[in-house]
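Please find the structures below.
Look for chain A in each of the two complexes below; its partner is chain B in the first and chain C in the second.
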Partner chain A sequence: MIASAIGCTVQGLAGVPVTVEAHIANGLPHFAIVGLTDRAIQEARERVRSAVQNGGFEWPQRRITVNLAPAEVPKEGSGFDLAIAVAVLRAGESGIDSSGTAFVAELALDSSLRPVNGVLPMARCLAALGMRRLVVASQNAAEAALVDGLCVLPATRLQDVVEHLRGLLPIQPARPGAGADAGPAGPDLAEVCGQASAKRALEIAAAGGHNLLLTGPPGSGKTMMARALPSLLPDLEPDAALEVSAIYSLRGLLRERPAMSLRPAFRAPHHSVSRSGLVGGGVGIAQPGEISLAHRGVLFLDELCEFPRSHLEALRQPLEHHAVTIVRSRAAVTFPAEFVLVAAANPCPCGHLGDAKGCNCDLRQLQAYDARVSGPIRDRIDLQVSVPRQRFGDLFGGSEGEASAVVRGRVESARQMRSGRLADPAAGTARTPSALSRSYRTAPAARRLLARSGERLRLSARGFVRVLRVARTIADLAGDDGVGEAAIAEALHYRGEMAA
Partner chain B sequence: MSGGPRQVSPGSPEWPERLSHLDHPPQELWVRGPVLPGARSVAVVGSRRATPAGLSIARELGGLLGEAGVNVISGLARGVDGAAHLGALDAGGPTTAVLGCGIDVCYPRQHAPLSERIAGSGCILTEEPPGTQPFKANFPKRNRIIAALVAAVVVVEGTERSGALSTARWAADLGREVLAVPGSIRSPQSRGTNLLIRDGARPYLGPEDLVQAVPGLAATGAGPAGGPSLAGLRRPLLEILERMGPTPVYPDELGQALALPAPLVAARLGELEVAGAVLSLPGGLVARTF
Partner chain C sequence: MKARRGTSFGPPQEAVDARKQRKLRTLLELYRAQTHRQQQPCRIDVLALMMDGSLGVAKVEHIEDAVQGE
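Presenting the complex of A and B:
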């Protein structure tokens, strides 16, 4: 007898539906699983047999072969347990109807269902393929239910699933959880005293998605400034939020960030992070790294120069393409990674340049350090700004600044202005400084200033483009149609590239 | 004249007469390029870790002397020395580098291109035999040669323990004119020059202060040239510039002092940078260049 059930696996962020076929033949009792499986799936034999028996069903004492199709797609993890159990039970008994239903859950020996990682991307894929129902462990129900057009059936025991398929036990479909956003996490900008330049740079970074380098002595508040950035970013569109949640689902991190959250993520990996932890990778099928967890949010690298150079080099491709492709011998996967990079560094090796304490580094050390900070990703940093140590009096007597919500309002209208401009097809294709400058409506005086700056500051072509982009964002924040001289001058001041 | 090193001994027509003013003159010199007679020579020396303003002054002074055809003598070190040589070369004037290492040893390494330029149109000399590494002890010895060769020494910047001060002391002992560029009493890089002034050095406030020391300088009527100019800067830009000194500051401090919002300060600093009046430094600090 032969029967099948639908399961699912993931490659990168894309789900791949898997047909689980079970064949029960006469012969000595035997149980084999084939179809490019990993160790966890091989171990499913023991889990599934025990779960079926402890669920009160009879395990067929015959020759059982389970095939996971398509056979050439590598598969891993324990999410196939339930589909295997259903396929085997169906092969042994008629009356179990699993048409239009997919199964993703791990089985415990006592026949209860356990949650697995990656249910959200799987649910998205199954819904897109026209699957009507998805059975998952009840802990996975909330994330799966975020997908439109899919009836998610949460279950706690194998018996309940089988009873339901026999048409004897109705299961209430899960509903997406209520929006549980507690508002922006992290400090509010109003809590930060002084730091006018850094606040301004954060606003520009939030409005234009520009990468930012904060430099300042230890304890000056670089980390606090970086943590305040998410509070300036507008809520994500529901589609974008779902994509972000899918990445968290893959890593099993939805406890940290609720699946229905619309807030942009903030990730701050420590500099001891491994390369694959940062950009993605790991054994077997590649997992998303910190840069993908920061997708559509903020990636904060504190103590930038403590990160190994190879890690920073690996950031170049994602910073350019907003995605990272990890190529393995068995499969190449791509994860989205569109984030605002905020890096923090001490201004010099001793950390006290420009500080009242005084700095003991000589010019050569400073230059070497500067090269080390920004060498690998210098040409990806759009804004560089100092975060000086605050004087004691300012910390207490200083006036309160603007609240994050006020700045976020400006950021939102600047972003609207930008998306209106990007809708114009000519604007989207401009790449060279002169084409960009035309499409940005740069004023003649501003162009002259830019030309002079090329001579004096020795800007590279890429540097010109970055200055122009930042200036356009500054004009967007001001609500200006064209880019004026002041916007160019301000952008020049923040440029990450130092005069040689 | 070939650029290859050659040996010059006392008694040779090339031997600089002024070295005999030293109690212990060098036994011999290794030289690249023609040795220039000493009467119209000025040493411009100072800190390796100069401020942007110091570098700018040194370069301007080098250019000024170069234009007047005065030989600019310095030590090829980083900072003030290099800037002075560069200013002289750019003005098409003669310049002489006195090394503390062998003629075939390039120190500091990043000044290799500069040293080639000097060898091409000026002179490099040392008393150390070829192959000598730049040992610490060589530099005070080198400084006495600089002091002996010139009519006057201008110390642009230097801390209390700067080698430039040793050059000034040698010069004073030999009866050469010593000038020092005064600076803020808060700036460690001006501590040495301010001390020199207290001890009787002539303050250098502009080229006119050099005229007495260097015969022939006045004839050219050279004024400060080539450096950035304040003319043409708008009033709001000057307002910021007035608040800045050679000591680097944070833009936020300027904003606070002038009660200006950060975007405005940033825009004005950007414009000043393009005008060459302000330099932005590693760490986000800004400094005035003159």
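Presenting the complex of A and C:
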């Protein structure tokens, strides 16, 4: 007697369907699970057996072999429990129909179903492969139901699943949850007093997805402004939001950020974060790190100079390629990591370099501090602005600034302008600096300014392109068709501040 | 042959665990060596007996070639 059930595992963000085969042979009672399994799956033997017995079913007192195919894909975690139980029960008795249905849940000893991580990416993969139904623990139903074309069946006990498969008591399919979205968690831009130039840089960063470094003395408002950035970003497209939620599902973080949320993520890891916590990794099959959790959102590194240098260097490739590939002995996985990097730092160890209060660091300290952030990282940060100490008058007498919603309106129209331009095939494929400059409609005077100042600043090839991009964003914000001298000058100014 | 009066400790065939299987295999090999039957094909079957209250046999399960491998 042989029977099977479909389960699923993940490799990176990609789901891999797994056929769970169960064979019951004559022989002394024995239960073996094979198929490149990890410890959790071997322990499933005890869970599944207890759950089946406590669910009121008879455990076959014979030789049971369970195989997880394809055998070459490494599998881990407790999500196969339910599929194993269904396969064994089907092998033992007829009348259980599991065709077109996949099963992803952990089993408790008392036969109830427990949620597992990664259900959303699994559901996406199963739906794409034409699987019609997916049985999950009811706690996982909301995220799985977000996937179109898949009927998600939430269950609380193994008995319910078997009753459903026997056609006795159908389970009601889950509906996707309503878009219950908590508003932006960060402060509103209107709450930040003064700091006009830094606010302007925030707006450009939000519109063009440029990386931003805020430098200033302690207490000047760097952190607060960085936290206000998400409120300037428009909602994500549903597809993009689903991709972000899939990453959160992998890490089991959907309690922090609801699966149906359309808001861009904001991640602010502390500088004591481990390198695999930042870029991804961990034991077994690699998990997404903070940079992937910040996908299509904001990664905020407060106290940039306190981060170990090796961590920052690890950000270099993801910053260019918007993805990170982690190679492990068992598998190489790629996670998306398209984020806006916002960093905050003090200008020197005491924090008051260039401030009226005066800096009392000696030259060696300054040099050592400066060297903590390498040139290649600085080269990737397009917007470098200082956030000076605010005076009493700015804090208590100044008028209220613009609210985030107003700025977000401008950001949205700038982004529309950009996507309209990218839809043009000639502009969409422009790669070389000169093609880029043409497609951006850079005015001749602006080109001359870029040539003159860029050479003086010793800009790298990447530097030139990045200045051009920032200038294009500035023109988009202004609603200008072409890139003028003023836009180039402003873009150069944001880059030059640190190089000077 | 293994007998049980109740299933509180599992069915009788489950009591033929890895240790008992090893002992049965050793026993078989010794028997074959002493009686010079090494070349003769053989197998070990398990008879699982469920007893009723008065120690009569209520149910018999015969598992052919139950102990395999080395």
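The rule we apply is simple: the second predicted complex is superposed on the first by the 481 of 500 C-alpha atoms of A that agree within 3 Å, B and C clash if a C-alpha of one lies under 4 Å from a C-alpha of the other, contacts with A are read in each partner's own complex, and residues count from 1 in each chain.
By our rule, a residue touches a chain if its C-beta (ideal position, glycine included) is under 8 Å from a C-beta of that chain, and two chains touch if they have at least 3 such contacts.
Predicted, not measured: the structure shown is a model, and the values here were computed from it.
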| item | value |
| --- | --- |
| Contacts of A:92 with chain B and chain C, given as first, second, both or neither | neither |
| Touching partner for A:196 - first (chain B), second (chain C), both, neither | first |
| Comparison of chain B and chain C by chain A residues contacted | B |
| Chain B versus chain C as contact partner of A:370, first or second or both or neither | first |
| Which superposed partner A:463 touches (first chain B, second chain C, both, neither) | neither |
| Which superposed partner A:26 touches (first chain B, second chain C, both, neither) | second |
| Partner chain in contact with A:452 - chain B first, chain C second, else both or neither | first |
| First, second, both or neither for A:61, with chain B first and chain C second | second |
| Shared contact residues on chain A - chain B and chain C | none |
| Residues of chain A defined as touching chain C within the complex | 26-29, 61 |
| Chain A contact footprint on chain B (complex, rising order) | 48-50, 78-79, 110, 188, 248-253, 255-256, 261-271, 273-276, 279-280, 282-285 |
| Interfacial residue positions of chain C with respect to chain A in the complex | 11, 13-14, 16, 21, 46, 63-68 |
| Chain A - residues contacting chain B, complex | 194-197, 199-200, 215-216, 347-348, 353-354, 358, 362-364, 366-367, 369-370, 384-388, 449, 452-453, 456-457, 474, 485-494, 498-499 |
